[in-house]
Each structure stands twice: as C-alpha cells, then as structure tokens.
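Order of writing sets the labels: A, B, C and D. Residues in every chain begin at 1.
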Amino acid sequence: MIKVGIVGGTGYTGVELLRLLAAHPQAELTAITSRKEDGMPVADMFPSLRGFVKLAFSAPEKARLTDCDVVFFATPHGVAMAQAPELLEAGVKVIDLAADFRLKDTAVFEKWYGMPHSCPEILEEAVYGLAEVNREEIRKARVVGLAGCYPTSMQLGFAPLLSQGKPLVNEMALIADCKSGVSGAGRKAEVGTLLAEASDNFKAYGVKGHRHLPETRQGLEAISGRPAALTFVPHLVPMIRGIHSTLYATILPEARDTDFQALYEAHYRDEPFIDVMPAGSHPETRSVRASNMLRIAVHRPDNGDQLVILVVEDNLVKGAAGQGVQCMNIMFGLEETMGLMQVPVLP
Amino acid sequence: MIKVGIVGGTGYTGVELLRLLAAHPQAELTAITSRKEDGMPVADMFPSLRGFVKLAFSAPEKARLTDCDVVFFATPHGVAMAQAPELLEAGVKVIDLAADFRLKDTAVFEKWYGMPHSCPEILEEAVYGLAEVNREEIRKARVVGLAGCYPTSMQLGFAPLLSQGKPLVNEMALIADCKSGVSGAGRKAEVGTLLAEASDNFKAYGVKGHRHLPETRQGLEAISGRPAALTFVPHLVPMIRGIHSTLYATILPEARDTDFQALYEAHYRDEPFIDVMPAGSHPETRSVRASNMLRIAVHRPDNGDQLVILVVEDNLVKGAAGQGVQCMNIMFGLEETMGLMQVPVLP
Amino acid sequence: MIKVGIVGGTGYTGVELLRLLAAHPQAELTAITSRKEDGMPVADMFPSLRGFVKLAFSAPEKARLTDCDVVFFATPHGVAMAQAPELLEAGVKVIDLAADFRLKDTAVFEKWYGMPHSCPEILEEAVYGLAEVNREEIRKARVVGLAGCYPTSMQLGFAPLLSQGKPLVNEMALIADCKSGVSGAGRKAEVGTLLAEASDNFKAYGVKGHRHLPETRQGLEAISGRPAALTFVPHLVPMIRGIHSTLYATILPEARDTDFQALYEAHYRDEPFIDVMPAGSHPETRSVRASNMLRIAVHRPDNGDQLVILVVEDNLVKGAAGQGVQCMNIMFGLEETMGLMQVPVLP
Amino acid sequence: MIKVGIVGGTGYTGVELLRLLAAHPQAELTAITSRKEDGMPVADMFPSLRGFVKLAFSAPEKARLTDCDVVFFATPHGVAMAQAPELLEAGVKVIDLAADFRLKDTAVFEKWYGMPHSCPEILEEAVYGLAEVNREEIRKARVVGLAGCYPTSMQLGFAPLLSQGKPLVNEMALIADCKSGVSGAGRKAEVGTLLAEASDNFKAYGVKGHRHLPETRQGLEAISGRPAALTFVPHLVPMIRGIHSTLYATILPEARDTDFQALYEAHYRDEPFIDVMPAGSHPETRSVRASNMLRIAVHRPDNGDQLVILVVEDNLVKGAAGQGVQCMNIMFGLEETMGLMQVPVLP
C-alpha cells in the first residue's frame, strides 16, 4: 500500500482526492493537514465521506508527512514550493495540484502569480503532469506539477494537430473558447460564485489575460516544438462540474486533404482516458461527470478551412484530482487506470 | 415626488428596492449610502441598472438623509434602530427591511438577535409592516418594521383560518414547512450558498430554531387574539428567488363543515396582491417571480381533518422590497399598487 | 457470475442500473431490451457508458431473457406483470422497479394505476423490496416489487418509531412533506419538467392524492402491525437527483421520555446503507448523490411534542436501481453491499 | 389604442409577448389563437398572467384577426406565410417571430426549413426586423420578419466593424461562439431539454449547420455590402433565458490603429436598447434578464490582432418578443421604447 498524505483537503480538489483515494485499492490515506480544522474528522466537514474516510485533519506539524510515500498538495499557489524541499529530502514524492511547478520560466511564474519562485532548482526537475503527453517523464519524476483544468482540455484537444512533423493549422492564431462549471473557482466564500449570482446566468471573464494562457502556450509549444499563439476566453457556466472547450484552428492550405477524424483516432488509440467520439458528435460535460474520461469530437463545418474541436472533461477529476491519481499510479508503477474506472454519473 | 433614501443598497433587497423605485412614478431616489462604496455609481455594481439609476453610493455622513421624505433600511439588523431617532426627529419616515422593529418584546429581540434594543420607545410606536393585516396602522405610522420573508407567507397563509371569531383549527399545533430560494440568505460571501454547494442539492436548516419563528408566532397571535404554537422548518431550494410555504393545520371537529376555499376567497377578495387560486391548484414560485403577488391554494386531502395550504411569494418582492414600497404607498396616501404592477416573469 | 437481463433500459432507472451493474464484480449484463432501439448500442444513447457497456439493445423477442438468472424491469407500470409468469416458469428471478408488485390489494392497485392486475397469484408471493424491513423474505423471494422512491424514504424514516411494541407517536396523523429532484419524473418528453419550466422554480403537486400514498400506508402498517394515516405532500425541486423527506409526528404523552436519537441509532446500528446522523444534523441530498446511502436526522424542536425527522436519499439509487442491486445481492447470497460502495459525489 | 392579435400564444415567445403587451400603454390585446386551447383563459395556462390578461384562447376561425391593426405570429415556421396574404389584404400589419420572412432567397429558405415558400411576393416586400439596422424600412413596412435570437446578437455585435466604408477585419473568417439558455428551444416536450438532461451540463449542438447561419450571413452582407463568411457554433447553457455571443474577428493590418472601443460607442450612441459597456467589461446575461437591452463589450487581448466582442441579450425579449414590440412601436409611429423600459431583473 502506498502511504498518501494530503496537504489542504478542505477545498473541492481536496475532497475529490479523498473520494478517489478512499476507493483506491493500493492507496492508504495516512495524513491530511489543515491548521484551521486540526482534530476535526474529515467526514464532519464532508458528510458524503461518512463511513468511507475515518481520518481527521491535523495541523501540519503533527501530520508526519515525511512518513508518506507521496504527498498531494491541494492548496493555494505557493504552499507546495515551500514544503517540497523537505519532503523530497525525506524521499517523499510530491504531486502539486496548484501552479507551483507548472511554468518553467520563473519570470513568467512571477508575473502571473505575483510571487517569486522559492525553489527554482526543484522547478527545474519537476515534470508537467499531463500523462498523455509526458508519461515517461512522469514515471521517473520526484515532483509533478499537475496540468491545470483548462490547460488539460486545451492541450489534449490541440495535441494531435500540433504533434505532427509539420504544421497542419495556423499555430499562431489558435482560439480556445472555454466554459467551466463553478467548482473551478474553488470552495472559497466569494460573492461572484454564489448561487444567487452565478445561476441562471452566463458570462465571460479574464478576457484580458488568465493564468492558464501562459501555461497552455508553454504546453502547446512543447508538444509541437514550434512557437504557438492562442486567444483564450474562459466563461462561467451555471453548473457545478465540467469544462467544455471549443477550439478553433485554421487549416493550412497544404493540409486540406488531411483526414482529421482519423488523425485524432490514431493519436489517442491507446489512451484509456481519452475518447475520440464518432464524427459529428457533440460531447456533453455530463458524459464524463465524476470520471477521469475526456471526450473529444472533431468538426470541420462545410468541409471548409475552419476546424472546430470540442473537448469535455470533469474539471475536478481529469482536470485535477483524477489526473493526480493517474500520475501517482504511473509514478509508483501501478496500472494507470487503478482506482479511476468509475462510470460517469448520468443523469 | 417623494424623496427616497436607501441605507445599505448593496444587498439583494437593496438592489430590488432600486429596481422597483427606479420605475415608481412618484418616487425620486435621492440618496443611497454605503461607506465602503462611497462615490461608486450604483450601476457599476449592478449593471442591470445602467441607464435606469444615475445615483452613486455616498458615505452616510454625506448622504443628507434628513432631507428625504422616507428612508428605507436594507441593512443588517441593528443599523436601523441606531439611525431612526435622528431621522424621525427630522420628520423623515422610516421603513426597515431588517428585524429591528418587528418583535415587540425586547427580551425576545435580544434573545434571537443577540443585541440589546437601543430605542424601545420607537419600537413601541413602530408598526408591523404587513399591509393585508395592518393597513390602517401603516397609514399613520412614522416607523414601519417590515414583515420578514418567511413570516409574510406564513401569516398570510394562516390568517383567514385564525381571524375568525373562534378557532377552526388546532392553533397550538400548526406546522409550516417552508422552502426558500438562496437569495434569502443575502448577498454575502459564504461557502454554504455557493453555486457549487447549494445547487443540485436540497436541505433543511435551522430546525432547532429560527428567528422567523417568534416573529410569526407574534403575528399569528395578533391576528387571532389567541395563543398559537408553530413548528417551523425552513429549507434551502437551489433557485434564486421564491418562497413556497406548505402549511398544515388540523381542523377542529366543530369546524368540519367549513368551506375553506370560500373562506379564503372571501377573506382576500379585495386584496390587490393576494390571489386565492381555484380549488385544486398548485401554485409555483415562478408564477410570482419578480412581482409583488402572493398566491394561495387551499387543499383538504380526502376531505379529512388535515388542511394543507400552499403559499408562494417572491421573497425579494412581497417578502421584502415590494412589501416596503407597498407600505410606502400607504404611508404617503398613494394608490397602494403604484409602481408594483409588474407582470411576473415566466419563464 | 450472475447473468442479468434488463427490460426497459432507456429511462433513468435503467441507465442507473447499467452504471451500477457495469461495475458489479458478480454481475454479467447479458441482455437489455428495447423494441424501439433494437440494435442500437446502449452507449450510443448514453455516452457516459462508452467503454463500460458494450451491449446493444435488442427487441424483446430476440433477447432470450429466459437464459438470465435475474431480470430487472425498469419499465412503465404493467410490463413486469405481463412477462413475469414466463420468466418465473423458466426459473428466472424477477425484480420490478415499477409498481406491479408493490400493492398487495389488487383493488387498490387498480384504483391507483388504472389497470387490472394480470397475475394476482404472483403478486401474492411477491416480496416488497425494502431490505431494511424485509431482508429475510427477500432472501427467499422469486419476485421482488421494489419499494418506490418516496415510500423508501418515508418508511425508513418512520420505521424506528412505528416498530416498537406500542405506539410512541400519533400514528393516525403522520405528515410527510417530501421533495424530489426532477429525475423522479422519468426520462419522458413532457413540458412540465423542461429545464425552462422546472428550474428556478418550486411547487407542490399531487396534493389531492399520489400513488405513493397507499404504498407507504401499507408499508407503515406492515411495520407497526397497526393502522396508520398519513398526509403526503410531494414537491418538485429544481435539481436532478435526490429526495428530502421532512417527516412530522406528534409524540404521545406516554412516550415523552423517549430518547429518540438513541432509538434511531439502535434501530439502524447494523445497517450498511442507513446513516443516523448526530443530533442536530441537517442532511443534504448531495451527501448521498450517486450512492446507495440514506441519511436520517432526528429533531425535537424545543423538546416539545413535535418530532421532525429529516431523511435524504438518491431517488435513482437507494430509491430505485441501488435498492434493486441490494435486493439482488441478498437474493443470490452475495455480500449485501457488493458493487454498492461508491463514495457519494460531492460537490 | 392599437388592436393586437397573437397567433400561437402558447409558447415562450407567445407568453413573453403577452407579458410585454399587457403592460403596453398603447396596445390592446384583442385576440389570441390556439385551436387546441380554444376557450381556455390564457391565465389558466400561464398563472403568472392571472389578473393581468383576461383574454381566452380562441380557435383561429373565431378570432377575427382581420379586425386587428397588427398580428404577431409566435408560431412554428410556415404558419405566418400561410395567413399573411389574407391579413395584409384586410389592411392588417404582420410581425412574424418565426423565420418565414427572414431569408430573402427562397432556395435558401427551402434548403434550411424543408418547405417551399408559399408567398414569395410578400417575402419580397417583407422587411427584416432588426431596428438598429433597418429602422426606416421597418417604419414603412406592412410585413416584418423579425431577426432570430442568435442572429440579433451576432449582427449587432459585428455591425460596427462591418459598416465602415472598408473592411477592418477579415470578414471571410468571422467566428461566433454562441451560448443560449434553454428557452431558446421553445416550450416543446422533448427529452433533450428536460431539467434532468440539460441542467448541470453543457454542450455544443448543430456544429454541422444551423438555420441561423444563413440568416446571419445574409444580414452581415447587407450591413457591409460585401461578402462575409462565418463559423457559428451554438451551445446550450443550463439556464432559462439569455444569449451570450463571443465573437472573434481578426484585425486587418491596415486597421491596426483603429480605436475599436470608440468605434462601437459612436456607432450605438443614440440607440436606446444598445449599451456599449466600458472597456474591459464582461457583460452578464442576467444584466439584461427580462429586458430589451443588449450589452456589448469590446476586447483586444494584449493589443494584438484578435478582436473579441462579447454580446448579451435576453433571447425572449431583444431576441424575440421585445424586438417585436420595438418594431410595432416603429411601425405605428409610437415612441420606440414604449412599454419596453422594464428594469432588468437581477438577481
């Protein structure tokens, strides 16, 4: 059994990690920290876990995280990089659900997250946690910076196009019109995500700039080995879970004969969590609700030059906690799908 | 034109007052206070008011509320009673949407609201703002403590039964199973009313005791002139607006021959905002959405001894701001329905 | 492996059965019928099942249901009783999610369901599928008529009170104010349950009479061995899944000293799917979302004579498909919890 | 008073027309037809109208529509063109909320609507009902084919860009990523728009082709006088009302110095129903809920070549019934805003 610790289990990605790990046959939850809730049984905060999780929160200094085999950080940005050195020193692997180990360029990190990076040498060895792109690096990693929720959907949606030897689409004019459920904003007391504000309503936000833009651009360039430019417009959907990314790319004249459906199917043929749907499909977010699946549909309206790629994922699973467990499975040599084959909950 | 001031216009009852008053032919919005938002145009906070409300928030000391004819308090409990004396002194009428002037017994007020009452003499003259019960007193009032949202639905639902000369139902075993949309919790940053917490979910709360219980009991006893006992269980509905109260009363043996449908229709025959629906109806909250109407249906399943009264209202209109404007109209000798005849918004 | 057939898998209880059975270690889905969808892969209708269910719908005459060990009916009322005789003849067990085998009195069945009962002799041997009440009978049953969604919550909520040797509450004046998510109405094209009709809205329905009333009364009387009378008011909640029943019972004078919390805890001590929460709790429907758990909280406001019992369940799981799998496990001598220990999905 | 008839008042655009016309100071509802509901008071179907609309539905042959001054068609496609000739003959003006008089090319109409056009000569004189583009033609029109809901938002969003003397953006590669509330699908019994299907869910639809694409392309070309090409991807949002269109256009090199914010503000300076919001704004659909306002925000991320225009409207008001009343006001020489100045309902 792998001894697992969680730092910061009081948010949505934390409780989702608990849901998944409580049912994982090779994971043993051994510690979960929260200074504020020290001593409180986890199931008192989340009654859904009554009968499944016996653990109580403990203050960080009591938690003995260094006895764990792996520690997940489901914390605000900045926490993982503060604690990672000591854990690595003790031989503990680290999986960060926040952004501390995503952006390779510390200047970019500082610009978008408003804090200096405290351990650039660890950042250097950290592996970007997107298994379908980086599986082999993750296998050997001590530190994984998990891909963000939107970036996961955008990168996996564009990857088959960008990973060919030569460009098929105009990679300098990509557009991602993304829509997320409200849990993406976290379990924080804020007026903007109250039910009375956000339900029966729809809006864009962060059009001027969003932290997931530099992360995605970095990822796309890593995939293609070429420069990329992206317009990213996130929107808030009055629902709990789910991301739907509508991706637009202009086909280059020399690529007009490509069979894009076949390209996508071939690219993801062996991926257990990626489902390329039949041509003409419209994937729904609920078709992956509470599961680690990501579904993709490829459209080329009127057989023209505009490609439209539809991608759905559960932002808390494939976009966060499930992706984390998937990486853990890889890092510890387990079956990659272990503990992650829940059937999506529909309706 | 009546010069109207609003203290605390940044919450839901405040913005609803603004919506109604902006379209009221005899009201002129002259001041709206918020220390925190001093100088900010109201329409910057609530873009729905762009083009309709030019006013900006001003700090209380700049607001010159004493120049108004009437001031509404859409504030947390305790604010109105602190400012009422000065306003009354200046000849300004006061309408409080909070609870400062609802409970006649200061000991009860202190028990449920956790603060002493600072002006019991004003409380003494204050009139309970429920026009269908207290119309004449409201006409002469200087201070009105508006009925709460749940209490409005419960009192108007039980009133026809309780206002007869002798009891028709067991008045010591009334039950009110009430359901409210989330806006009833106010525009406050709290985890429990986030969309990701409160949507696709249903729960009771406050079963041990809720502030609206003593207020309603006081109101029921005032209506009947007899003691009353009530079990009140509020629930949170994943919707923005609306209260649905399901009221249960046991018919006394001597009242078994009563035609309750006729009783209700007669009682409310002349009320412009009360709609007693045909026998067998199931009123929906959306049938009064954004309007000052309250609809009632009377059921007596199997012609037995259990009466079931269904009541719907919009908690922000008939349960708060609309009721306030209705009282203002009465206090200033205007047509009672002035500015309040919006057709409900359905769907 | 138990060979399982499903008749009528295109509704919500059908797809929920598929979700649960696809992950059940001892069940093998061998046939699913739908005349209309003959030949269509199940996963084409419900993309959430892509990769989990390979089966296609087949027309009833091709389905060879008589080769199954057990057949679930997730059909409209009337279908199961038409096909049960042939299946039983062939040695196949039958579990009906509809109402064909619930009501023991065929006259009552005919009154509420508007059709004669076609096999009263099978009805006679059929066992009412509510494991916490009827476990031993279910173990030996050939035919199980599963308890309805509302009736499950009402009976399990009242059972500890009614199953004592003598009455503790007024059993002739029970009240159940119940609230259900919209999936309870089924996957049928109807105007009343469109999102644009039912969301941001709340209403009661069926106050005059609802089919679940006679079923629940029969169940309560079976539990107590005494007559019972119930007022049942169902309401429609703008959410997908979940039932919240708020139950009211008047404590008899001779039972005032009862410790009701202890009574409930003792009654359900060994039940794997019933969670009696700590005193003062307010269970939320989402705390059991997508799981077979049912949670109960016991309240006695002001220590008075009115007991308030709060019950939550997922109407599609404990109220339908999960209850069915639970009964199947019992009927085939499996661990009762097998395939049913999914952690509830929250948020 | 203008005598108004409505054909087909049982859908969402019909009831919205009733809501608006019931409060219109110069409109007198004189007839509303429905064969199926002949004799039923309108308020029995829509209890929100109780006390506001006394009219009953009548069968078409009894309705005496030829006595009206104007008749609105809130019907399925094909009805208006069947009845328009007789009404025009009788001197009655016609406003069609469906698509019969939108597409000028009958071949295109037949392709997308699957029926031949029965009165091409009336189509020829019909005016496209988008007041901000066609005001003068509407003033003189006998027949108006109202702009569709999506097309209204797309055309008004692109119009300032396209109506300059020379192209500012690549007009052959426009993208409109549009999101609509479920009421846009109409009040029809369909599985796909049930609350249990469409809530807590998000999906695209009609990516292969949607009827609003040819309509919008025709409109854009009429505005610019130049060919236009558009990729249009509609999505379904789990909310009742509202359309949010996110429009993408690539700035041409020669137009890089344009001040687009100023361009939009100038273009719509005198429009009572168009609100160009301050730079950097993110309009929300609820900011126009139940009102005829349409709000626009102009973004140019990183000052690059990609323009992002955000547009919100209420699909049932500015996208249908409100637009219809606006056109009626123009056609009858009334103040254009008459009966249309409702303050949006927020929250």
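Following the convention adopted for this analysis, a contact is a pair of C-beta atoms (placed from the backbone, for glycine too) under 8 Å apart; a residue touches a chain by one contact, two chains touch by 3 or more.
All of these numbers come straight from a predicted model, not from anything done at the bench.
Taking each chain's centre as the mean of its C-alpha atoms, the one that lies farthest from the centre of subunit D is C.
Chain centres here are Cα averages; for subunit A and subunit C they lie 37 Å apart. A straight line joining the Cα centres of subunit C and subunit D is 45 Å long. For the pair subunit B and subunit C, the distance between mean C-alpha positions equals 39 Å. Annotation for subunit C: residues touching 2 or more other chains are 12, 181, 183, 187, 196-197, 199-200, 238-241, 283-284, 286, 289, 347.
Contact topology of the protein chains: fully connected, every pair of chains touching. By the touch criterion given at the top, residues 12, 15, 19, 22-23, 46-52, 183, 187, 199-200, 240-241, 275, 277, 281, 283-284, 286-291, 293, 295, 316, 341-347 of subunit A touch subunit C in their complex.
Against subunit B, the residues of subunit A that register as touching in their complex are 12, 181-183, 185, 187-191, 193-200, 238-240.
Those residues of subunit D lying in contact with subunit A across their complex are 173, 175, 177, 179, 181, 196-197, 199-205, 207-209, 231, 233, 235, 237-242, 244, 246, 248, 250, 280, 282-286, 289, 299, 301-302, 304, 306, 308, 310, 312, 347.
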